[in-house]
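Before I ask anything, here is the structure I am working with.
Read from first to last, the chains carry the letters A, B and C; within each, the first residue is number 1.
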Amino acid sequence: MTELRHITSINDLTNHEIETTFSLADKYLSELGDIRPTGRTRKKRSLTTHRIGRSGHAGAGSILASLFYEPSTRTRLSFESAMLRLGGGTITSSDPATSSAAKGESLADTVRVVSSYADAIVIRHPRDGAAKLAAQYASIPVINAGDGGHEHPTQTLCDLFTLYRREKQRLKNLNNLNVVISGDLRGSRTVHSFVYALARFKARIQFVPGAAGMGLPPHVEWRLRNEFHCLPEDRKAGEDDVDLFYVTADQSHQLSLITPEIGIKMAKAKKAIDVIYVTRFQKERWKDQVQSYMKVDSAFLKDNKYKRTSVLHPLPRVGELDIALDRNPRAAYFQQASFGVPVRMALIAALLDFEGQHSLEKFASGFRPDSHVLYEQPHGIVCANPNCIVHDPLEGLYAANKHYIVDWLKPRLRCFYCENDIENFYVGHKKTRHYGLAGEAGKHMRDVILFADRAAAEAAGYKPRKSLSGAAKA
Amino acid sequence: MTELRHITSINDLTNHEIETTFSLADKYLSELGDIRPTGRTRKKRSLTTHRIGRSGHAGAGSILASLFYEPSTRTRLSFESAMLRLGGGTITSSDPATSSAAKGESLADTVRVVSSYADAIVIRHPRDGAAKLAAQYASIPVINAGDGGHEHPTQTLCDLFTLYRREKQRLKNLNNLNVVISGDLRGSRTVHSFVYALARFKARIQFVPGAAGMGLPPHVEWRLRNEFHCLPEDRKAGEDDVDLFYVTADQSHQLSLITPEIGIKMAKAKKAIDVIYVTRFQKERWKDQVQSYMKVDSAFLKDNKYKRTSVLHPLPRVGELDIALDRNPRAAYFQQASFGVPVRMALIAALLDFEGQHSLEKFASGFRPDSHVLYEQPHGIVCANPNCIVHDPLEGLYAANKHYIVDWLKPRLRCFYCENDIENFYVGHKKTRHYGLAGEAGKHMRDVILFADRAAAEAAGYKPRKSLSGAAKA
Amino acid sequence: MTELRHITSINDLTNHEIETTFSLADKYLSELGDIRPTGRTRKKRSLTTHRIGRSGHAGAGSILASLFYEPSTRTRLSFESAMLRLGGGTITSSDPATSSAAKGESLADTVRVVSSYADAIVIRHPRDGAAKLAAQYASIPVINAGDGGHEHPTQTLCDLFTLYRREKQRLKNLNNLNVVISGDLRGSRTVHSFVYALARFKARIQFVPGAAGMGLPPHVEWRLRNEFHCLPEDRKAGEDDVDLFYVTADQSHQLSLITPEIGIKMAKAKKAIDVIYVTRFQKERWKDQVQSYMKVDSAFLKDNKYKRTSVLHPLPRVGELDIALDRNPRAAYFQQASFGVPVRMALIAALLDFEGQHSLEKFASGFRPDSHVLYEQPHGIVCANPNCIVHDPLEGLYAANKHYIVDWLKPRLRCFYCENDIENFYVGHKKTRHYGLAGEAGKHMRDVILFADRAAAEAAGYKPRKSLSGAAKA
């Protein structure tokens, strides 16, 4: 009996699984014919069609359900195209206003029902952690196509596959890339999935927030440093022994980063830049700062260190990438989009066991270190991320308050759903009915209840701990 | 040459046809593999897919058109999944705002056109009787997926199939079930289809309206008593000889029904309850009464007579079914939803003659007693149901004023479209130009014109009938 | 290597290609079985399905992408049905509000990306010229399913195919038809495509605008006269030597055309009318004039010259065609709609080379006389049509200012995208820095820059030309 696999985070896949998926994607890409998105000529369709036909049997009879609670064209259509190219079929709910969500149905109920209509679910949702909630209730594999500001793992697979293909042409591989990521690092779920993957492939990452407040979320940075072993770059020492160069996204920095000084700062780094990853200015989120947003164009790329840079963008773009770049050979973003189909074909095929030796069922688990203890309580401390699925009035009814206990002595909880962290909280011991600040309140993790603050603890009838030793006795 | 079959009402199918459909659904269910919607493990997909493949050829090349003028996820996706599992394809119009309806196209024109694009149409519409109007103009089979407050016959097939499967495990069958139906009995089209079917399978039905005004519509109750031979239960006499126990939904009753007293009242019935059918609180319809709506939970089910009860719900639920019930073995609602695909596969296959001996074309007609004379006039009396399709300013142009004459002496007309009844009307005799109240105006049904009231009759130039004999002479 | 073919205008197809497409449509129609949209009986589905199965392999593995930025049911569903009947699959984005357009993505980027998801794109868009812009960026064939008020070429194929089938039954063909076109000739894109095709098949066309201001757009009329060789009819001379009878749509004429006098005026033409083409009253465009719009009904058709007339309508109708006509054998509009699937099957198959000898790849180009020089400049004169795609704030960034120079001495430019003409403009000679009114400014077309008016020329630093000879020297 194999366990049900879901892809809610890029960390649900090991590096080896990512590479396995890419070798399958290579095969599908070759069967689909060379896709030349900007070319004006094409191969004879009859040949192409014939080739498609070969992989067209792998998924015959299978159904992919698309549940999209947020707008999408690229992601949804490429998933659906992938399933059709595999020989399967698709059922689609892409407009919350015309679905049962309009009648007030919960996501948990929807995915349980849709599990009996399809063989896999691909879901996009405005709430962080929605994919994890869906996975908790589904009886078929769930693939996260973007959940709020959390992650977008299949976009990352397309991003990485683009780099894998381009580096392979230079006889290189995915390891040790020198990457610049610009734009809205805080709100962009594609960036969050991407940086975890980059760190796992030993990249050197330079972060260039598009404006004040657009820096990497603290919990993502914390994970990069503490779980993915990235180090802040000591710019005075040699650079080759560091993995991470991080520009803190406070006000003073942004002002210098969004002007030509960005180039100057980058120029100080000696190594050639392999990748610039540009993200969309999300106007719905950052209303007043459009004028300060970085724009990547030919002038920007004139420095010698960008000579061989691949410019990536998850698209859609809305002004941060100059249209005139499109014909530049360094512009990799349409190629990146064109890989959406073979990469998603590979992921679906691997999850649904269409291709024997490439099945993801054969692997025990992803990269995610699940060694953390999971703490679950019906009431008490809740995720601090206001956009987490647990705070949705309806969906929250189906989501337990679940937290990974990442560290007990340097206290840190991680929401099971959205993976945001809580650092300061209080621990009550059920036997003594005393509470104290986590970290100071003893190392016993059994028979405890967690509180967000003193008021919550006292409201539950707990009293302040007298001394460390007192708590330790509990 | 076989006649075109439509499924606009559960009464378009005979009991024998329902059972034939279920035996086909059994076969498809077995081919699909055991669906376990809440399980965390699953069979190897390669095997399942292989099995699906077998029935996957039956409908190859066929197309199902989904025309949804109201929100849906479950019904539409399960129909589309069913067609794909049969090997066919689907075309979908699920948002009135982006269809030709936005340009003012009538349903009649739409279905005539779509009849040349597909092999069957499944339709959902906010107006009662819309499916019947569609069937009148389509040249391919029309399946009603819910028309206003009228019927939802395929939901009833899923409901019945769930009971059929569960009862079969106890070596029982669909006959003589003891059923409680709670919620919005007036507005729920699923209830209307369900009660006709239950009556035909000799069920004992207890109605528990969710609140004041939510009782069964009078015309549905009339049909149950007069056409489906249900009797009101004499609670002082023995119970085994009655079919129907009806709690009138007036104010005083509801007040007692929505509290624990409901349980007490039910407890008075001695027989074990086989089925509780709970329906959604339709907040769009009943704005102010949410607090009085019955909730089914473990406490409710603690009485011994619910020991083996199957709890059904057409879903989505919005609070009337406790989430904590989901893991209770009596909770049958996710199983019920999971049967959507095999049951709809069976219905489509039977309608489109995919499976020789199971074809619905082989049966002459449904249960519906079509012996009633159909009365049609361009002007004059119109359906009294304000939500009937005939009252839609556009669609009404394509709908004749058609009524079945259910009874002439105890006067009762039934709208051909929405099946609501009219009891009091006036009859004018075209030769004598006299009119009188139906029932008193003679038993001649030829050369008559029907009026809703005296004013309409006099406006048309008719004069009051002088005497009974005078009318009889006409 | 064959060139990529797009169908953005009916003039992208030669007459021979149209006939080739129709012979393929004949074959598909026969395989689909005789479609009888208003009939109450049908063939056994098993046979029909079997027949469909035969052509069902032609497109196996191919994918059609529907990108609909405007409401549609008929066109989108018939395209999707066509692709399914050919054995292929479909991916659909039919609601701008739930697509990446909602995030501000340009059409150019969208089609570049979707080019790698599918084998052909069918697009509908509210802007004139949008299909041409899409074709410019796509790397797979683009089919125009209606772009603003420009064209709707596949509707015209369905219209013509209906006439081709009906005339064949009378042992006639598509040539020399006597056609009346009524309604909104200005705003109806279906009319624009239709009249070009009719002119190419030597029809005599009578235009009957539905109301004041609904006459044929001047640039369409100009093309009919000057490029399609139509002549205004001299009603006193013999009629057989003329092709075009044009009723100018000024106020005084309309008043007479919308009353019974229409019939009288038409009666003066001696030849029997082969076709009346009625178009929808577009209430979103003409709010106040609904009462004056012509209605075609049995009374209208009672004149003897309409005895064998085919009444066509692209549907949906909203009152301009009497419902009571539907059963009249002259009513061809449901037949016309029913041909949507075989005609679009044929077009897709021909474009994607599914059927060897019928491939459109074998033809060098369409009817469009591409001998006009294309003039492109980044700034300067822009299309005068305010609804042209070049005026969309976002899409315009991707559209160059491209104009065909239709005539230099009788100056006329034609927008590359929407095909509206500009007649009066100014020409600046880059060497002399002088400008003058086109036509007077010399016949040299090299090293010139075009301006919409004097102000624009002077703002660019150009001075008025002194004399003709001065300009000629340049």
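Here, a contact is a pair of C-beta atoms (placed from the backbone, for glycine too) under 8 Å apart; a residue touches a chain by one contact, two chains touch by 3 or more.
Owing to the predicted nature of the structure, the values given are computational and were not obtained by experimental measurement.
Taken as a contact graph, with one node per protein chain and an edge wherever two chains touch, the assembly is complete, since every chain touches every other chain. Superposing the C-alpha atoms of chain A onto those of chain C requires a rotation of 120 degrees, given to the nearest 5. Chain B and chain C, compared by their mean Cα positions, are separated by 45 Å. Along chain C, residues 89, 92, 95 each make contact with two or more other chains. Within the complex formed with chain C, the residues of chain A that make contact are 35-42, 44-46, 48-49, 52-53, 56, 68, 71-74, 76-78, 80-81, 84-85, 87, 89-90, 92, 94-95, 280, 283, 315-318, 323, 334, 337-338, 340-341. Contact residues of chain A toward chain B in the complex are 1-4, 59-63, 65, 89, 91-93, 95, 97-106, 109-110, 112-119, 137, 139-140, 352-354, 361, 397-398.
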